[in-house]
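The structure that follows is given in the form of structure tokens.
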Amino acid sequence: MGSVAALAVAGLSKRYGATVALRSLTMRIVPHEVHAVLGENGAGKSTLVKILSGAVQPNSGTIELAGQPYAPRTLLGARRAGISTAFQELSLLPNLSVAENLLLPRVSGTRFWPEAAGSITRRAEAVLKEWAVTDIDPVARVEALSLAERQRLEIVRALSHRPRLLILDEPTAALPDATWLFRQVRRLTETGVAVLYISHRLSEVRELCQRATVLRNGESIDTVDLAGVKDDQIFAMMVGRAPERAYPAPVAAAAGAETLIEARGLTTGRLRDVSLSLKSGEILGVAALEGQGQLELFRALGGVGTHEAGEVRYNGRPVALTSPRRALRAGDGIAYVPEERKTEGIFGGLTAAANMSLPQVPRIARGGLIHHRLDVAATRTAAEAVSLADRYFGFRVSDLSGGNQQKVVLARALMTRARCLVMFDPTRGVDVGTKQAIYTMMRGFVADGRAILVYSSELSELVHLCHRCLVIYGGRIVADVGRDRLTEEYLLAAAHGHGGAAPLRAAS
Amino acid sequence: MSVDQRLGEAGRMPADTRGTSRLSGETVTIGVIFALTVAMILGSRVISPAFGGWNQAETILYLASFLVFCSFGQGLVILVRGLDLSIASVITLGGVLTTTWLAGDNGDLVFILPAILVVCTLVGVASGIGVSLLKVPPFIMTMATGIIVYSLCLGVTRGTPRGYPAPVLNDVMRAELAGLPVPILVLAAFVAGGFLLQSYSTYGRRLYAVGNNPAAAHVVGLPTVRVTIGAYAISALCAGFTGIMLASYANGATLRMGDDYLLPSIAAVVVGGSSILGGKGNFLGTVGGAILLTTLATILSALGIEQGWKTIVEGGVILFALMVLREQVYEALRTWMGSERR
Amino acid sequence: MSLANPPLPARWRPIRLLTNGALLITGVYLILVVIYAATEASALSAYSIESLLNNSLPLMLAAAGQTFVILQGGFDLSVAGVISLANVIVAVVPVEGPWGALANFAMVVGIGLAVGAVNGLAVAYLRIQSIAATLATMMICKGISLLILQAPGGYVSEFMAYELTGSLFGQVSVAALIALAVALVWVVFRRTNTGLALFAVGRDANAAALSGINVRRTRFIAFCWAGVFYGAAGYMLAAQTSTGNPAAGDPFLLLCFAAVALGGTSFSGGAGGVIASLMGAATLMLMQKVLFSTGVSSFYTGVFQGTVMIVAVLLMTLVHMASRQRRAQR
Amino acid sequence: MRTLKTAKTLACGALLAGTTLAAAGPAHALTDDGRFLIYLSLSYSGNSWQSEAANIVKALAQTPPYDEMVELVEVISGTDPQAQISDYESMIAAGADGIVSFPISSTALNRVVRRGCEEGVLFFMYDATVTEQCAYNISYITSGFGENTAQALVNAMGGEGKIFLSRGVPGNSVDERHTNGAMHIFDQYPGIEVVAEYYSYWDDRTTQQETAMALAAHPDVDGIWAQAGEFGAIQALLQADPNRLVPVTGENSNGFRLALANPDYQAVGLAGVSAGSPPAQSGYAFKLMMEILQGQREPLPVGERNIEYPLPWVPADAVTLCEGDTFADGCNAFPEGLVPGSFVTEVFNPVLLPELSLASALEGEPTPGATIQPLPADVVVAAPNEPGINCQRCEPPADLYSLTKVEPTVEPN
């Protein structure tokens, strides 16, 4: 600690209009260190990232980079000073190629005439290879990549600028497997680079990082040696109170529950001949590695995608799930909670209350007219179910934090009054408090005879939450795991196609 | 929306004004537009002693009413991320049908007027189907329907629209009720109705949702296709209504009667604070925009300067108004007030 | 360990080629050429082709300029104003000879650049909505044009009027060469860093900013390019009509948007290209010829024009969807 | 990437496609059945004036013996000069014998017109003109509409008062000519004050709105000098105050003429004169062209092809209602209801166009029983040079704005 700090931040604050995003932040990162920044959504982590990467300027406070004062005004300025960032909201351009994205903003390295495409590709290929990415074609357009591939690309881009300080903001949100990332990070720190690491996954943080700075309400609470503190202590620092137990035991599903949804032989995209049944009172989990067809399955059931073959019955009667609207009206209703909050979930310009009331607007309107007070009255129960605080009702949703946005999306799913929820990774990128709220909501939802089908990229979540869990590999269901044998190891093995690890059971 | 705003991280802060930001932001815009308008009217007394009074305001409101009618529909279409270039032709269609079908007769007014509006609405439905179901870009679709409708008007009238609107229509345009010209009363009712429809009706709510995020609207199960078609249908309906009013006002129809309303209708919507990218806007702002533009035209016409200078001044004033009405100006104001409070 | 998608297989690329806007609109154009050639005996005569190209060039240039602005995600109505202004300037200050033509060209480019810079400032730095800001600059330009020339008139130098609308070596139409040059400029430009930035900003300004792209500068440059092309359009219009007209730009306003849209360039930005817009403009002008040669009743030409526009776009959408479907099925 | 490049190359190629192809030049002759191939090229069929002018030509082409001699094709080019250039090119390529046209621009069409002339095509422009000397311009523009109506207005106002100028289309040479003529007169009277000047695009509805705006600023206006669209000015005056009309001069709409002759209106102050652009010019142009084509008349030498059409001049007391649908006894307006208010009345000319009836102007129908009468031998009246109107680099005569229809009753100061 005696050496010059790679990064030293003191008394940093940032206001947006009358909103204070960072109040007073002080922290120190030394070379060779992987330093975690922990905090709930809205604690100020992203603002810190934006300031350090030059996207916004702080109102007060000082930053020193390797002993030199540092006040970047642009992203390129930050890069020149030696800071590069892999952003949480992936800053890739889908309409450009992998190579172009990698080399932005100076794709063409020549001065008077654009560099030949082949030469650009070769340079990009070299970069990818340097960071041990060999399965991404530099010529491919980014929109053709999976989310996990994009995430890796974002990280490689940050790595490739040879930073003195690397910022990784939720780098594993879409990475099913962090091994590659950790290897690269360690390679980097060996050369003396410091890494600022932001993640909601405490287990990862413990594996990779040495120290952590905890933020709450825009203030740095403390910097701790991770080895010396327990999870509960960290959570307490993050939320400012003692945490509830992370995963209360699930309530057992009522015996003899009726079958609500029965799918037979669904085939679409990667999905091959999948059959499943969802019973009342049940949280049915789906585990799979990235891109095994789970997305197609969920979208087909939600009416967002189509399926080429197969049949879905609801309460025993066949239903056509050709649109989300049809799905909502099929049987007792299927409501889909989409994977991409920003593009398919929220209406950023509408208030939280208006977002939530949308499915019921015709019913809650008086004489065809509707206003904020009616919205609030109608959505209060649903908001309580996801623990969304009343004072957010009048906020524009785009002004809310990611966790609260997700709560709004879930409350809206409740507002549809559908009996079945089909949720794709509902806790991705949300903080611990929100996760708790979501778990509580899910349990409450199925307690009175409704049902949930949920996919999650976090196996621990499935293990603790579900009554039963399906594992999909290569487009097929390879395991149907009951509550009694539900462990992370078991799911992981099955998800990698090691069918031998468990007796393969046909879907009931 | 500025990058900075989007990057804004939410916090659980005590001095939080986000909840009221949207409403007051719009209110400020609308307030500024009307304030500008009133200032211009009062200031114009310098130009002519007859200006600056109620008579001038009355003339302005009267003439602005046509623009307000068609801008409402334009605003709805823009709200759902579209653009309606067919309104010029549909205004013409409304006017031509008014003179040819009524042919100067009061008799079947109660049947024919709705019939005209239905025909116009159908044009909008066609545009809406093209845009929402066939996925033709709104620009091309409405431009094409506009060209087609215009061409049909041309062919059917063989170039000369015949007849007169019913005399009673022309009388209505000149009548006064409680000391106010009837068209201004119609305007007031229209603005009230339009405002309720856009901001407080279930349909309006759905329009905002579809305009804000079409993909999310689809996932939520909103009838996005119907909502979109509805916007184009209402736009055509309003254009048809504008055509009827114009034909009644001018006591006859011409085939280019709608041309003057296409760009101004878009300008009124945008000056009124709506985003051309959809999902954001308020009808009262549009009304303010329409009145502002008409006021400007009225004052300029009284100014004894060359047409070139008039056009330059008009463009300059619009540019100035846009600069004043920028969201950033309001944001800066908010920041300043926020820091003052502290 | 993650099972990523395999890289884009080479097999897909022909499909991507099919969905390329430039090729689709070229297909539509060729269909119209066939109809035109079948209905008009002299359609393929050297003179017909040359005059068609001459006639199409101003719109093609205007559409090319508009494409820059639309790609970065906006509208530019000032096209009508700049064309009028450039047209009037050339006719009021004609300079004889090839150097004169060059001098005139420098003037209009300067004017276009200036107006484009004003637009760029207003949109990129003052953050005014492009459609509104450019509406204002359009009006101002039209006003200035009217002050310079109250009625159509003025002269255009002999060199401009004849050499620029003629043929080189009696074989290759100058208009075609200019169009080709524009296409080449585009092919090079879109591979430059600014060109890529244009696509990036149009698709997602936020992500572009986080990728280190100077968003404002990119938008500003797009408007400048657009202005230059409008100036060139006004210049070629003057060459073709041999005169100035203060209202010369008006017909271009909607047509150039139609041309861009026909070329398949997305109005939400980030997808499309100048070559497609050039072909879109050429298609619109060819349509006028086809309507004439097929003898569509003059009152109802609009019905056919409108229908052809919709059908052309639908055709392109269909091909696009079909190729998507095949891609999805894989 | 490579395939994309190919696409571009292909697209570029298409731009050039066929520039090196060569085929036979356009055939130039009568059509197969021995008729003259005549094109009627309109700029903008969309107001009464344009369609009446077109209908007159269509009616004449169906009147014996022309019905056996002429194949008439109507083409509408919209408002875009580029479109009209394209259409002219097509007509020349199709082997036109003659083109009767309302030109969209006085200058932009020159090049294609000159080329047409070289191919032997006769160009007859009506109303609007081109400055290319090989084309025939048949127009009233040079006949002094502006100065004569301005003098009439000054007379009606007693030489002083505030006036509005309701002009046509900004940047248009015709509008420019008319206004210059009018200002030549107004400038001689210091008592005349132009308080508002606005453009009405020769349209009734626009005139009405623009006049209403001007009236808001100047309710005490004493007279309105208007180009086409004048009926809208009357409507705006009536709307503002039904009991106060002022002298209005304007063009030839039926509504205006009826208003001028209306004693109730006269009682509250309406006076004025109806003059301006007659649609009948098109018929005259067409007949003149046919006579030249048939060899009945020698082509005029290039440089002398600007022909003046006489200015219609109908003061209030001269308005006479037509009894039937033919032109008889010098009548010059139709009863309300027979035609729309915007109908332009000057569709007949007993000397030049005795073949026409109301149906000719409204529907393009020939008059039953009528046959084409030859034009009087000495009919052609040369129009004076007007730079930018009918010639490019030329000097206007010194007495360009001399009065022809009216004498000043108030002495200019």
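Every chain is named by a letter (A, B, C and D) in the order it is written, and numbering of its residues begins at 1.
Following the convention adopted for this analysis, contacts are C-beta pairs under 8 Å (C-beta built on N, C-alpha and C of every residue); 3 or more make two chains touch, one makes a residue touch a chain.
Every value quoted in this text rests on a predicted model; they were computed, and no experiment measured them.
S.K.: Quick check: more C-beta contact pairs at B-D or at A-B?
M.R.: If we tally the C-beta pairs in contact for B-D and A-B, the bigger total goes to A-B.
S.K.: Sort the other chains by how far their Cα centres are from that of chain A and give me the top one.
M.R.: Taking each chain's C-alpha mean as its centre, the farthest from chain A is D.
S.K.: Roughly how far is chain C from chain D, going centre to centre by Cα mean, in whole Å?
M.R.: The computed centroid separation for chain C versus chain D comes out at 34 Å.
S.K.: So, what's the distance in Å between the C-alpha centres of chain B and chain A?
M.R.: 42
S.K.: Suppose each chain is reduced to the average of its Cα coordinates; what separation in Å results between chain A and chain C?
M.R.: Result: the chain centres lie 42 Å from each other.
S.K.: Would you pick out the residues of chain C that each touch at least 2 other chains?
M.R.: In chain C, the residues touching two or more other chains are 145-146, 206, 209, 299, 301.
S.K.: Could you say which residues in chain B touch two or more other chains, in rising order?
M.R.: Residues 3, 6-7, 154, 158-159, 307 of chain B touch two or more partner chains.
S.K.: Do you know which chain A residues sit against two or more other chains?
M.R.: 55, 117, 139
S.K.: Which residues of chain A touch chain B once you look at their complex with the stated criterion?
M.R.: 15-21, 41-47, 50, 55-56, 217-218, 302-304, 323-325, 327-328, 336, 338, 343-351, 354, 358-359, 361-362, 365, 368-371, 391-396, 398-401, 404, 412, 416
S.K.: Quick one: in the complex, what on chain D touches chain C?
M.R.: Residues in contact with chain C: 3-8, 10-12, 14-27, 42, 45, 73-76, 78-83, 85-87, 89-91, 93-94, 105-112, 169-173, 175-176, 387-388, 392-393.
S.K.: Under the stated contact criterion, what part of chain B meets chain D in this complex?
M.R.: Spelled out, the residues of chain B in touch with chain D are 44, 47-48, 50-51, 55-56, 59-60, 62-63, 99, 104, 154, 158-164, 173-174, 246, 249-252, 254-257, 260, 297-299, 301-302, 304, 307.
S.K.: Which of the residues in chain D end up touching chain B in this complex?
M.R.: 45-48, 50-52, 54-55, 76, 170, 194-199, 201, 203-206, 208-210, 212-220, 232, 235, 238-239, 255, 337, 339-343, 362-364
S.K.: Where on chain C does chain A make contact in their complex?
M.R.: Going through chain C, the ones touching chain A are 1-8, 188, 191-193, 195-197, 199-200, 203-204, 206-214, 270-271, 328.
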